[in-house]
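Structure record follows, encoded as structure tokens.
Chain IDs A, B and C follow the sequence of writing; residue 1 opens each chain.
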Amino acid sequence: MVLVTLTTDFRGHYLGIMKGVIKNRAPAAEVVELSSEVEPFDVKGASFVLYSSYRYFPRGTIHVVVVDPGVGSARKAIAIKTKNYTFIGPDNGVLIPASKDDEIVLVREITNRSLFLKEVSSTFHGRDIFAAIAAFLASGGRLEEVGKRLKKIEEIKFFKEIGGDGAMACEVLFVDRFGNLTLSIKKEDVRLEDVEIAVGDRSYRARRSGTYADGEGLLLIVGSAGFYELAVKNGSASELIRALVGDRIAIKRI
Amino acid sequence: MVLVTLTTDFRGHYLGIMKGVIKNRAPAAEVVELSSEVEPFDVKGASFVLYSSYRYFPRGTIHVVVVDPGVGSARKAIAIKTKNYTFIGPDNGVLIPASKDDEIVLVREITNRSLFLKEVSSTFHGRDIFAAIAAFLASGGRLEEVGKRLKKIEEIKFFKEIGGDGAMACEVLFVDRFGNLTLSIKKEDVRLEDVEIAVGDRSYRARRSGTYADGEGLLLIVGSAGFYELAVKNGSASELIRALVGDRIAIKRI
Amino acid sequence: MVLVTLTTDFRGHYLGIMKGVIKNRAPAAEVVELSSEVEPFDVKGASFVLYSSYRYFPRGTIHVVVVDPGVGSARKAIAIKTKNYTFIGPDNGVLIPASKDDEIVLVREITNRSLFLKEVSSTFHGRDIFAAIAAFLASGGRLEEVGKRLKKIEEIKFFKEIGGDGAMACEVLFVDRFGNLTLSIKKEDVRLEDVEIAVGDRSYRARRSGTYADGEGLLLIVGSAGFYELAVKNGSASELIRALVGDRIAIKRI
């Protein structure tokens, strides 16, 4: 039994169809929604979602990501074998933070049309290419057959600068349903207590707290993925400081 | 192993309970959410969702649809055997475009109360009747046992008129999460380039494009189900032209 | 094969990760989303969701609930064995209405850190503790091993007062997607026809109806869980009377 996870910026029958294609071609595969809550076209947010989730799944899991603003354009489709997993998706960087973290073994461009659905649309490669390739691999197909080796792939990096003088800059990687903001600085990077943060020309104090339930106002906590997060108890940090994925945030100790 | 798909205009524990009923009575069945994103009471939208999805699932899959504004009223419950699938749902037309497409073999009214949950509510036939019947069929029960043969069933048709003079009329079948509008005209029906469309007394130019990623303004593309779609790159066509499922759209070549 | 259900006030990759942890440690378990539609921090709503759903799942199902505003604080984590099921979640009352309904056999505090994920965050016990314990039990682990017997646990009660004079008070237990309001009075408690209801200083007439499809204006029906509900045909009762989960409602026969 192989697990196939799906991470998408769509839900509904588009997601349902992908499950159908996989079950049709790989009946023994088990399909699991990793997340269908990625914001439309939010490639960076999706790359964080995958990065912070992939390792909790069984060794050998195939992770498929379809957050693909360039579908139908010249962007490539890729499959990456890492030490413990396989990643499938568009060549827009979305797979990179997770793949690198697990150590990339092999990258192939997906070009073998005989493995795709018979008719390939220009708008839904999730169904016609990615689900079909996932099913192929889940039913024992070899990665070498999906296409030729690829040397240069698109990258995504999580921006951060940590100065010697205690000034730091980072970006928002993710906003969850509660409005908590995940920042691109990890607890291993630097040990923070209370800080002043700036977004654009607005600045705020954030008090270091152990949990979402402690304290008042803007809180700085270490989130479950090991990154610092900005949070507001029973409220939304995203609304309070008006920041979204990709926004730069400056941080100063106080 | 039999697959049972669920298409509903509800989510949450109502959907969860349906899975429970099916797993309780047919432990070997695998339950897959096809879509729980149908708009409340949107029978036509659901019929399109089913039509454009059913064929991607393995032969023998049981497709259950619960979009059922008439629950508790006199509307019938039906099960349809087609060439490759079984469809279960209310007799409001929602199953028809898909069933006809796959070729209807047998239609039965669902009346055998001994197969339902012990107590049948007047508000949740998804649990008490449809999930129970799906479990019965998924565990090997015969369609003939669910009730008597039915001759007349409710229909849904996708409206379209294609005039010889190049004037066409159609309707919106579906609005996706990005605001893309699926129209009821297929690429096999007529080959379109740039067009003028009219909704009510508003009219717009739509430029023919190969993908969602190409071009500016209102785009006319062929969507993944083979129907024409109106789209706006990184925007919402539904908001731009203020159109929803069921709205009539006139199309003129330019 | 053991079923593990998840009821959460979050979706997306946080939910996906929980599935990963369970499949990783209990490969034969089947994970089912019972509901991920609980409103953030709505412990009472979640307790109703569980109460009205748990019994539809196969005997032996493990029900995990992560609606946990106190995560990281001193609140305990508990596992409850009932006559037919196992319940896992925070000790905030959310498991109680369901557990009592099925008859509590044994309550254990979850304290055995050797069963948790290696590193336990202060913000995501759904992953680090609850999913890990569910996997442990789903793969045959004994409840006695999760921690010591617990005598006093937090309670949740559904408020209702039914006076001899026909005056009643209750609370809203749940608001569904359509805006239907589930009240804390069951049809076994009292037989109601047309009533006058009051929310704060606003009062409304509600006409007794058999289904959502019958009648006009505010309707009083018996919902699928056996509780009275307030509904508006093709509309939202919650918007009409401006009431949410936990709001008190007075009821008078007319």
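The working rule: a contact is a pair of C-beta atoms (placed from the backbone, for glycine too) under 8 Å apart; a residue touches a chain by one contact, two chains touch by 3 or more.
Remember, it's a predicted structure, so these values are computed and weren't measured experimentally.
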| item | value |
| --- | --- |
| Same or different residue numbers at the chain A/chain C copy interface, by half rule | different |
| Rotation in the CA alignment of chain A with chain B, degrees, nearest 5 | 120 |
| Distance between chain centroids, defined by C-alpha means - chain A, chain C (Å) | 31 |
| Set of chain A residues in contact with two or more other chains | none |
| Chain B - residues contacting chain A, complex | 1, 3, 5, 7, 30, 32-38, 49-50, 52-53, 56-58, 61, 176-178, 210-214, 221-224, 234 |
| Residues of chain B that touch chain C when the two form their complex | 10-17, 19-21, 23-24, 27, 31, 40-41, 69-73, 121-124, 127-128 |
